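Shared between the two complexes below is subunit A, which pairs with subunit B and subunit C, respectively.
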Partner chain A sequence: MPNLTIDGQKIEVPAGTTILQAAEKLGIEIPRYCYHPALPVAGNCRICMVEVEKQPKLQIACYTPVAAGMVVKTNSPKVLEARKTVLEFLLVNHPLDCPVCDQAGECKLQDYYMEHGQYDSRLASVKVKKEKKAFSIGPTVMLDQERCILCTRCVRFTDHITQTCEFGVFERGDHSQVDVYPGKELDNKYSGNVVDICPVGALTDKDFRFKCRVWYLDHTRSVCPGCSMGCNIDIDWDKSRPHTQKKERVMRLKPRHNPNVNNYWICDSGRYNYHFIDENRILSPQYLDKLVPWSEAVERIAEILQSTKPERIGVLASAQLTNEDLFVIRKLFKETLKAHVDFKAPERPGDSDDFLIKADKNPNTAGALAILGAQADAQTIVQKARQGELDLLYVFGHDLVKLFGEETVAQIARKVKLFVFQGSNINDTCGYAHLNLPGSVYAEKDGTFTNCQQRVQRIRPAFFPLGDSKGDWEIVSLLAGQLGSPLSYKDSQDVFNDIAKTVAGFAGMSYEKISDQGMVLKK
Partner chain B sequence: MEKVLTRNFGLENSHRLATYLKNKGYEAARKALTQMTPAQVIEEIKKSNLRGLGGAGFPTGMKWGFIPQANPKPKYLVVNGDEGEPGTFKDKYIFERDPHALLEGIIVTCYAIASHKAYVYVRGEYVKSMQTLQAAIDEANSSGYLGKGIMGTTFDLDVVVHPGAGAYICGEETALLESLEGKKGFPRLRPPFPAVVGLFGCPTVINNVETLACVGPIIANGGGWFAKLGSPKNGGNRLFCVSGHVNKPGVYELPNGTTLRAIIYEHAGGVPNGRKLKAVIPGGISAPVLTADEIDVKMDFDSLKSIGSMAGSGGIIVMDDTTDMVWAAMVAARFFAHESCGQCSPCREGSGWVYNNLKKLYHGGARPHDLANLPGIIGNIGGNTICAFGDAVTMSVGSYVLKFREEFENKIKERVCRI
Partner chain C sequence: MEHPELRKYFDVKGPFAFLRLAQMKRAWKQKNRRELTWWENTYIPSVVSGIYLTSAHFFRNFTLHVLHAVGLLKDIPAAVTYQYPEQPRPLSSRTRTRHRLTKREDGSPRCVACMMCETVCPARCIEITAAEHPDPNIEKYPAEFILDLGKCVYCGFCVEVCPEDAIRMDTGKLDTSEYSRESMIYDKKRLMEE
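Then we have the complex of A and B:
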């Protein structure tokens, strides 16, 4: 373990650590463009140059390994001058189009210019003109070669991470340009990540372009609900600009670093899977064709529950729900009412690969198994309902029409006394349900999901539930109150603490301990 | 003076094996393979003070010694015949007039570093060179001088000719390796150096054609003999390529340490039409330019370095008093802007910026601050780049502005745009 000194501070790091990484451990951020912790080192931008005692030239911090007794200066006049110099070179041919550039506000050229540049311009007025500006290179990404600083992060991402090799650097000198190979498109399952790693506005996301200035965005830490991988994300949302298209609150999703789960990446289907948050929502409880207040809605259910036997109650929970939702369902329906509760639907396995995309498209299958136990298929409950053996069928989120066909669902609607659908978005089943209850979406929920690695991870509410919708466990709590067996949880954390006390796998966990990296279920 | 590199150049059919054999050909290789250990060969080369004649002047024997023999991977010799440095045309003569001298050097070198495969990377435009070299390799192969069991020993060696594709940067040794591996010619980050991780990730020695052509004679006559031919730390002769404003441009074999004055006036016939000498580039376009007052310098690596220039590839470009030095600087800058590989930012953006600035200065439209800024911009490239190309831009283009400042200032006075 070599000992070295960086800016007067001593540190001991494992051999092979680079100066940049060692400095990071001391909280010293050395500027970087081409360096990305998940990609091989390219060493081409030169902005991370630092002074190493006894070395005649400045060294690039991203590549130079530490050595015993090394003395590094990251802010000597020589280093600061070199940074200015490199910035100036990078800006020689960079267009001055920040006012119309989507990257403005999160652009490393802007940031480092303010931090390390601020020189009087001596740039030539004539810039190299490149061919592709606002050029579509695939279904998700636009390329602007003039904004590109040729850091090659995108090239290395497609070479080493997706290994799809769409990008290359063409031409030479100041005419060099990043482009996709002739006849190729940037069309892979992780294409959106190149926008995240692009430090400038060369690669922009078609989905986000011109939608919102980034400084209007708020960020909420969450977990992608798209599959059982549970990739960590940031929900970037904006409520201050209601004039934006369709009044959407969520502007984009971005991957959030978690070395145990998704590292720096998310897949495209997860990234663009947010429009449902503000589209096609159930906004109010509805009984038959009439909008009703919550009080009436729960009354309708309570009436049936009070007048029937446990074996004539069927509940179809869902692995889309949070651990907290599922636990409260267990409390009321399983433990208090002794009803038949199930969660697994006979879904066809989805798309998968050996990286981040899992065939199980539910974010909380592991949690549902831990809380509700291994269950039979939903088939049993549906069969019973169809044959008139149930008085109440309570479905959470599942689109039974898609799963079992229109005819079966129509039959169920005729046979059961009350067919309840609780969910966030309208689907074909809603039309058959007698009572529709508006649940909130994950972006409106506080709670936890358990991913396929058994890792329990936090989701946080970005904003309040839309319309009259409520969190799923809160609706179930409301019903419990109506039935005279109230569950007195004040918030999700309260529910979770009870889970930690009750469900073996969660023992010892708390929201604080789960934090941002998650905690694995105990066996 | 004893001819070493050009000893066979004047012979009829000098490129043929029969001619070469008649003149003690392959005897040095036989001596090395049958009477010497690899360590003894390296020792002899060290004694000779042979230095890399591609331009860097690195001691050749020391370079061979860096090959880690304990490394189980195959070792390679890569011969740099890219010869892209403007003003340099010596390797072409070796390829075409004495290819067997190169092959003999390759055999000895490979024996010294325990390599069984050598790649000769030849400048793409050198079609005739490639054909001649290939014919020589074929002859050597069929006569037992290459291939399996060379000259009855157990030593095997294959030599492969690989054409370059026209990029100057592929003469930079690590860019050359990338190119050989089928990739774009981008210089690599160092360390690791090629001696440890080179071609296909294996230990590799990269030597210039002329350097290897010296190896045979050194083994035949001894390192001491070769060392005595040249300067104290720069043994032997080298091929000086003289071009530009001289009466007799061409390739001259002369001992290292010959003065530049002697080369221009005694050997190349002086400046034509009674004009005056103004400036000389002593070692290819990357070398800082010298003024007429500096030509008493000895032409060896250390002497040229001591006056702030470099011996480089031995390409001497002579300029007389009709030369516009702003134009000369612009032409050099245009070359660098065109040939910068574009990998790292200072060189990619800087070389074009410098060229644009000089274009303005030469064609008119420049303002005083354009000249005032120029040395700073040029200076910011060198020392901050992945390879030595950036240093070359700074050293070479910078030297014109430094040494002929008055001409640059006059350009502004004549053609300044006064708004």
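Then we have the complex of A and C:
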């Protein structure tokens, strides 16, 4: 374990660590463009140069391994001068596009220029322009070669992470440019990530392009509900322009670093899976064709529940719900009412790969199993309902029409006294349900999901539920209150503390302990 | 604190004592107002002084205008009445008046929808919707540019911040009056007119 000194602070790190990583441990930020912790080192941007005592020239911090007794200076006049010069070189042909560039505001060129550059331009000749300005290189990404500083992060990403090798650097000198290979397109399941790792505005996301300036965005830490992997994400939503939001709150999703789950990455289907948050929502409780207040909606269910036997109540929960929702469902329907509760739907497995995409498209299957226990799939309940053995069918979010066909659902609607659908978005089943209840989407919920690695991860509410919609467990506890057996939960944290006390796998967990990285369920 | 009674009642302390004190003094003066004398109560002195002031202005301006008409004493200004709105008052060239969007040679707006004006606007009266321009060298243009003059405070920050000289406040129009709030909202087309 070599001992070294960085900026007067002593630190001991394992052999093979680079100066940049050692400095990071001490909280010293060394500027970087080409270095990315998840990619192999290229060492071509030269902005991370530091002074090492007894070495005549400056060294790049990202590729120089530490040695015993090394004395490193990251802020000496020589280093600052070098940074300034490197920036000047990088910016020589960089266009003054900031007003129209989507990266402006989160651009490392802007940041480091303000921090380390601030020189007056010495360029007398005209900037070298590329043949084409911004052009499409695939279904999701646009490339602007003029803005590129040739850090090759995108090249290394497609070479080493996705191993699809679409990008390459072509030509030499100030003609060199990043491009996709001739005849190829950047079209893989993880292509959106190259936009995140691009430190400048060379690669921009078509979906986000020109939609919103980044300084308007607020970030909420959450978990992707797209599949059972549960990749950590940031929901970027527009907070300060309520006057300009065209009823669209979420602007984009960005991956959030979690070394245990998704590292720095997220798949494209997860990245662009946010439009349902603001589109096609159920906004108010609806009984048959009439919009009703919450009190009336809950009364209608309570009426049926009080007048029927437990075996004639069928509840179809969902693995799309949070642990908190499922636990409150278990509390009321399973423990108090002794009803039949299932959550599994006979869904066809989706596409999957060996990286992040899982076939199970529900974010909380593991949590549902832990809380509700193993069960047969929804077939049983649906059969019962079809044969008229149920008085109340309570469905959470499942699109029964898609799963069992229109015929079956129409039959159920005729046989069952009250067919309740509770969910966030309108689907074909809503048309058959007698009572539609608006639930909130994950971006409006506080709670936890359990991913396929049994990791319990926190989702946080970015904004208030749309319209009259409510969190799913809140609706259920409203119903419990109406039935005269109130559940006294103040908030999701309260529910979760009860889960930790009751469900064995969750023992010892709390929101504070789960924090940003999650906690694994106990066996 | 000239009056002993004041000192007795208004011994205020604290960082904003001076404000409170001034307010109290005013209230005290109002409450303990001097009674008018019999002569003042006839209102004759007030009426006479009012008529004196008005007629002094009248005769001064009347005389000066007559003298100006025959070409005398032109360097002494007389009061002028503008026959607004038929005769607008001349404005200084740097007066901030109603906005306009400047155009390129082909008539399209110079604006590149960078949202600087929208960001800096303290009244939040600008609403821009950006879109992809067919010409990749322009890249971004405002599909919609909405300026709510009902909210605008005419501070001129939008003009100052614009990197493209695309918005100016030099139309010389200050009389934006409408029958509804909606018609105070100017869109791209209206801002590019004239």
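Just so it is clear, the second predicted complex is superposed on the first by the 514 of 523 C-alpha atoms of A that agree within 3 Å, B and C clash if a C-alpha of one lies under 4 Å from a C-alpha of the other, contacts with A are read in each partner's own complex, and residues count from 1 in each chain.
FYI, a residue touches a chain if its C-beta (ideal position, glycine included) is under 8 Å from a C-beta of that chain, and two chains touch if they have at least 3 such contacts.
All of these numbers come straight from a predicted model, not from anything done at the bench.
*Asks:* Applying the touch criterion given at the start, work out whether A:Ala385 contacts subunit B, subunit C, both or neither, answering first, second, both or neither.
*Replies:* Touch status of A:Ala385: no partner.
*Asks:* Does the superposition put A:Ala82 against subunit B (first), subunit C (second), both, or neither?
*Replies:* Touch status of A:Ala82: first partner only.
*Asks:* Which holds for A:Val100: it touches subunit B only (first), subunit C only (second), both, or neither?
*Replies:* second
*Asks:* Return first, second, both or neither, reflecting whether A:Arg172 touches subunit B, subunit C, both chains, or no partner chain.
*Replies:* A:Arg172: touches subunit B, not subunit C.
*Asks:* Determine, under the contact definition given at the top, whether A:Met49 touches first (subunit B), second (subunit C), both, or neither.
*Replies:* first
*Asks:* Check the contacts made with subunit A and report whether subunit B or subunit C touches more of its residues.
*Replies:* When the residues of subunit A touched by each partner are counted, B comes out ahead.
*Asks:* Between subunit B (first) and subunit C (second), which, if any, makes contact with A:Trp215: first, second, both or neither?
*Replies:* Second partner only.
*Asks:* Touch test for A:Leu90: subunit B only (first), subunit C only (second), both, or neither?
*Replies:* In the superposition, A:Leu90 touches subunit B alone.
*Asks:* Tell me, which parts of subunit A touch subunit C in their complex?
*Replies:* 97-100, 132-135, 209-211, 213, 215-216, 241, 243-244, 246
*Asks:* Where on subunit B is subunit A touching in the complex?
*Replies:* Touch residues, subunit B against subunit A: 167, 169, 184, 189, 337-346, 348-353, 356-357, 369, 373, 377, 380, 383-386.
*Asks:* Using the touch rule from the top, collect the residues of subunit C that touch subunit A in their complex.
*Replies:* Of all residues in subunit C, those touching subunit A are 112-116, 118-119, 124, 127-132, 136-137, 139-140, 163-164.
*Asks:* Which of the residues in subunit A end up touching subunit B in this complex?
*Replies:* 41, 43-47, 49, 57-58, 60, 63, 82, 85-86, 88-90, 92-93, 122, 124, 126, 128, 149-150, 168-169, 171-176
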